[in-house]
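Quick heads-up: structures coming right below.
The two complexes that follow have chain A in common; it is paired with chain B in the first and with chain C in the second.
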Partner chain A sequence: MAKSAPMSKTPPSLTAQSPLGGYEMITGGTSLIEITSLSMVSVAPLAGSQTAFQTAMAKLFKTGKNGSPKPKATMALDRSGKPRCILMPSAQNHWFLCFDDDGTNPIDAAKALLGKSLSKQMAMTDQSDSWVILALSGFYSRQTLARICPIDCSASAMPIGTTARASMEHLGAIITRRPDEGDHQPCFWLLSARSSAASFLHAIIGSPPFRN
Partner chain B sequence: MSAASLSQKNRITGGLVDRNQPLGFRFDGQHYTGFAGDTLASALLANNVRLVGRSFKYHRPRGILTAGSEEPSALVTIGDGAHQDPNSRATTAELFDGISAKSQTKMGLLSFDLMAVNDFLSPLLGAGFYYKTFMWPAAFWEKIYEPIIRKAAGLGSLSGLADPDQYDKGYLHCDLLVIGSGPSGLMAALAAAKSGLQIILADEDFCLGGRLNAERQEIDGMESASFAESSLAKLAAMDNVRIMSKTTIFGAFDHGCYGALERVNEHNANGSIRQIFWHIRSQRCILAAGATERPIAFSNNDRPGVMLAGAVRTYVNRFGVAPGKRVAIFTNNDDGWATAQDLHAAGVEVTAIIDSRTDIAKTPPTGVPTVLGGQIVNTTGRLGLRSVTLNNGTHIPADCLAVSGGWSPTVHLTCHQRGHPVWNDAIAGFVPGGNLPDGMIVTGAANGVMTLASCLQSGLKAGQQAAHDLGFKPAVIKPPRAADESFAIQPFWHVKGSDKKAFVDFQNDVGVKDIKQSHREGFRSVEHLKRYTTLGMATDQGKIANIPGLAILADISGKTIAETGTTIFRPPYTPVPIAAFAGRSRGKDFRPTRLTPSHKWASAKGAVFVETGAWLRAQWYPKTGETEWRQSVDREVLATRASVGICDVTTLGKIDIQGHDAAAFLNYVYANGFAKLPIGKTRYGLMLREDGMVMDDGTTARLGETHYVMTTTTANAVGVFRHLEFCRQCLWPELDVQLISITEQYAQYAVAGPNARHLLEKLIDSGEDISNEAFPFMACGEISICGGVKARLFRISFSGELAFEIAVPSRYGDAMIRALMTAGEEFGVTPYGTEALGVMRIEKGHVAGNELNGQTTARQMGLGRMVSQSKDSIGLVLSRRPELVRDDDYELIGLKPVNSDQPLIAGSHFIGIGASTVAENDEGWVTSIAYSPHLKSAIGLGYIRRGNSRHGDIVRAVNLLGGQDIKVELCSPHFIDPEGTRLHG
Partner chain C sequence: MIINHPHLGPRDASEFTILGDASLINRPDWQARDADDAFYNYQYLRDNPAGLHRELWFHEQGDRSWLVVTRDTVTHAVIAVALASDIAKAAKAKTAQKTAPKKVAAKKTAAKKAVIKRNAT
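Now for the complex of A and B:
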């Protein structure tokens, strides 16, 4: 877009809002907390780049040869051991890359994570504002899921790091099992569309133990 | 003995009821007392209540026949008002304190039912009675016959009020589902659980153990009920076992999916969940559903007090209830003799054992007379059994008759995927055929194994087999010590010559004579028999009646039972309330709602919303003093065209398209050319279906060398995305294209009107230029606004005005609408809703959903020349079909009423002046209508044959449903600014 001479006035700044305003509920040793500080970028290797991408992912995430993340290895760490990014497979040849939102433009941040060369071979789309992410954790979290999630979320069927797409109460959703929290309590992230976040939340808290 | 026990005349010692927990209940207004652990049936019997209902057709007095879910007669209504639950089986309803039940199918008192006159008229009311009697006059059927029949027939009735109870649904997964917790089911569960499988053990009863609780048998030196209790305790202690009582597995579906109804708080929910409908997915299933006893047909075999022998044992052994003081037994198998033993042991007088067999050597309990080769030909007792009459003329006193016609394996779930059971002579019953649902193993009595030790072993083996099949090492378990009781049977279905009121299906009042009549009148297959006589219909689905019924049919027709076959068993095994299927999907939970980022702001402004798919969109924004919607909409239109208006267009579909072949891809999916769209430009695109009809329209902007953003209509957002994925994955997998929806990612606002640019210039960051020269019509690009927020700006217009659409990440959507409105104050900015949007697009002649309804072509819309003939695209070839290019085709036109005061009705049809209003004279139809505040007249769009050449013609717009027939003038569909001066401004 062409640039014109600078204008004298200062436009108002815009305040960001998360889909559920930072929702948080803890009951019966089970918590449901909205994750609000995450950037999310969809990554899909363009033609001819699948191998390069998989190699890079294997290095970053210690994934298997087919590019799918190994359980417990979806969180890439930086040199100091801090979480760097999470990789969630979302479709064939398609992933979501999640990382802390430090204010950097998500696409720029994703490019920095993947490196300049690899980034050029990727279709990357900002999805940070497309999803509501709710972390469900604690003792009864699987009981909650049993009322809304048609897929098997048991420890054996869904090891830590597993991601799956599912339909929950007529809403498209993504479920990913995160590392256990204190005292070996399971933790799941549930993702669904931002516009229907209130309905999604209503469905979850309509399940035990939140319902009772 | 406690007072509670003393008040219960038929309560004897023993059983699994808790005598320390007396429970008060009412039946037909009378107060009674039972104990925790009772069913309603056992508590009624304990109180010597034998008459519990009237039969469906003849209104004959009926009692309790069984002790389980197969009960055909003891159907009662439990609860009052909105909680009223009809057709509850007293034999499965768990007693709780304060339960209130009523008998049904009666007129007046239960003991003096006025409709009992039907019993006397029974010779007139046999099978096919309706079909034969109500043939004439035909006009009487709907208004007279049917209402009378409906009133007279039927079982219990619903309250007609909304169900106040809560229901839910859920999903469970396991390696192995064990259905039934009798001896086989328990052993299967133990073997599988100890082998390490994740198992679910489900049983419909509230007290698990199946027949182990109903019999007095010994296993491993303990009573069978104690063995059940101890086995269940072992299972409950294992982490890999989920025990589900009160849970009926009602259907076996594809891919290891089973439907289950858990009655969590039946009739006693008090605000908590009453029932849960579970989808259970299991790799293997062990069906240990046991067997169902069946009656023998003889005259008046339905009097209250006549009961199946196994049920009599259940009431004595499990509930500590004597179903009668003097019990006679009629049997064709050894089971009847076991009943005598148990009754005798419990101190109940057995007045006779009547066995239809002659060549048996059985020892009765001391002092019990036996009649070998005996048959019961009749009974006495109007409201309850008094005596039975034998074929030798002997009368035997009895207030309870225990009948056993043998046992039928409960094969229902084996047939839910079209499996056919096979006849087994040894047990005189059908056993599961070979074509079971995938992964199902049948064990125990359900598989024709009819004795205790064999059932225990068979269950154990089934559990081990399931473990082995799933790659587990089967646990080695020593089979418990138990004896095989004697089991011998000689088929005997009905007493010949004793056909009068000899019932086979107690729920539908179908007797032997009805079956004979059906055969006589040509309804000779089991399926025809069922439909003609109603045998096997209604809530029990003939669980005890089907086999005797078809056996009698086989006898009459001279065929074997195997040749006669069975009807098809379909889900559900027992009735499932519709409410349970609905689960929580009611009210607010019926379906999800999508909200745009400006929703909260719009709500505060008092916006009136409309459902657009799942979205809620602002329809208009009423202001103080506006009393009807047109005032608001007219104001919004006028204000927008006069200065500037803002509309939330977030709901339009947005698709991010990237890849080296993105341009080629778009060139294929759009009918018009996209190969040469420059970076920074947007183009209107028309998408055809393969059949050449228009599928959707929208714009696509080129943001970079290999990066495009497509917009779709709100309605087709999902459909277009799905179509593009199909094209990408299936039609042209060689193209390098990636797609992802970004509908949710951006909040998008249309800013339209002469002051649109001035408004936006107040928000864009310094250095950005959106002048007409720098950012002309159809330009697009990224822009920094409000101090660094990265937005996307499109110079596109649906209203026909100078307009922009600005998209910001959704997190800023709320702040953006507020900033736009604040910035627009000096221009008198107005928010406008979908109605004003619709008015403006009709004024401009832009097509929308009404015009591209899937049945129209580009040519009809006046967009025929957009379909490029110089490149291939989806729909191109078939858009050339002769019928789609005929000269007299429908063409888009505008219209307005000749009398501008008259409104238009969408959907009206065009009929020529003077022509009669018949389909042959139909020339086209009105697609969209609006009131144009600029033209001060209703205007519309429509299709009419040769429309382009008919501008100025007067035709009639006829709407028979709306009662309108008015003259309209056809005109150009572009009512306002046909030259496009405004939007290029």
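Now for the complex of A and C:
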């Protein structure tokens, strides 16, 4: 009988890899950068818990007094400052809670954000490793989107925070407008499935100014 | 064709898939006496109007909602769009209203019976 290889004493260590390995492309004053530091947890209030969820979110994101009193179907809520915390609408009665990954289990972190009693009324799934997030920003970013995004991304039609699901070159995607960067340049986050991240990137960089 | 989603605004028809006649919402009662006929009609018989038609559309590349789209089959103009869940809820409320008087009647007969019983004793 052949001798089996001896088991090593220390288990092999696994390192997490981002879908596009931390992709970065900066050209013509426009940049496309993969965001790798976010945890994403989907949150769906169970039947009868929608109102409790909306009030809690209005409190968490301090939207109660000024601006929209409750999370809307088309607008993301953003807690300013660090660590980042964003609530994006993704479907009817379904949300994505995105926050900076601090090494703790994303579900535990989401539970801490929502509070104990409220998190019991939510259906939550950790989707951090299932999505690729690309930040597209700069002067020509709207030109890039003009080719691939079927939604009107002009400043008037898409104010900061607007979030929408869209199909980009037949790939399901989510687009959300982030706060402007320096020099008032627009910034968008594009989210798509991890499994087709390379195709999604190919679709984006096939557009100007990344490709003339 | 643009479908004006009640929550999300105007969206291209390519984001949607169509199921068909909106009457599919009204699934017959399987315990009814005429269930055979009702299900035959439900399953196979469709109107094919040249003009206004109510259809079920699914927002597959969007928020995964079911919509009832009223569309002119001659011009492809979209006349009205509503959430199918809202329409189903409204229909349920209507039937509940219809059945409500019966319940009151049943209560009345029960009360009458109680009176008769009391009188008998």
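As a working rule, the second predicted complex is superposed on the first by the 180 of 212 C-alpha atoms of A that agree within 3 Å, B and C clash if a C-alpha of one lies under 4 Å from a C-alpha of the other, contacts with A are read in each partner's own complex, and residues count from 1 in each chain.
The definition used in the following text is that a contact is a pair of C-beta atoms (placed from the backbone, for glycine too) under 8 Å apart; a residue touches a chain by one contact, two chains touch by 3 or more.
Since the structure is predicted, the reported quantities are computational estimates derived from the model, not experimental observations.
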item: Touching partner for A:Leu97 - first (chain B), second (chain C), both, neither; value: neither
item: Touched partner set for A:Ser167, first chain B, second chain C, both or neither; value: second
item: Touching partner for A:Leu190 - first (chain B), second (chain C), both, neither; value: neither
item: First (chain B), second (chain C), both or neither touched by A:Leu136; value: neither
item: Residues of chain A touched, compared between chain B and chain C (which is higher); value: B
item: Which of chain B and chain C A:Pro150 touches, first, second, both or neither; value: both
item: Partner chain in contact with A:Ile35 - chain B first, chain C second, else both or neither; value: neither
item: Common interface residues of chain A - those touching chain B in one complex and chain C in the other; value: 94, 150
item: In the complex, chain B residues that touch chain A; value: 168-173, 198, 272, 279, 281, 584-585, 588-589, 591-597, 614-615, 650, 656, 658-661, 680, 736, 738, 740-746, 761-771, 774-775, 779, 781-783, 785-787, 789-790, 793, 808-816, 819, 822-823
item: Chain A contact footprint on chain C (complex, rising order); value: 7-9, 11-12, 14-15, 61-65
item: Contact footprint of chain B on chain A as seen in their complex; value: 1-4, 6-19, 42, 44, 46-48, 94, 105, 123-131, 146-152, 154, 156-157, 169-171, 193-196, 198-200, 202-203, 206-207, 212
item: Chain A to chain C touching residues, read off their complex; value: 73-74, 89-92, 94, 150, 164-167, 172
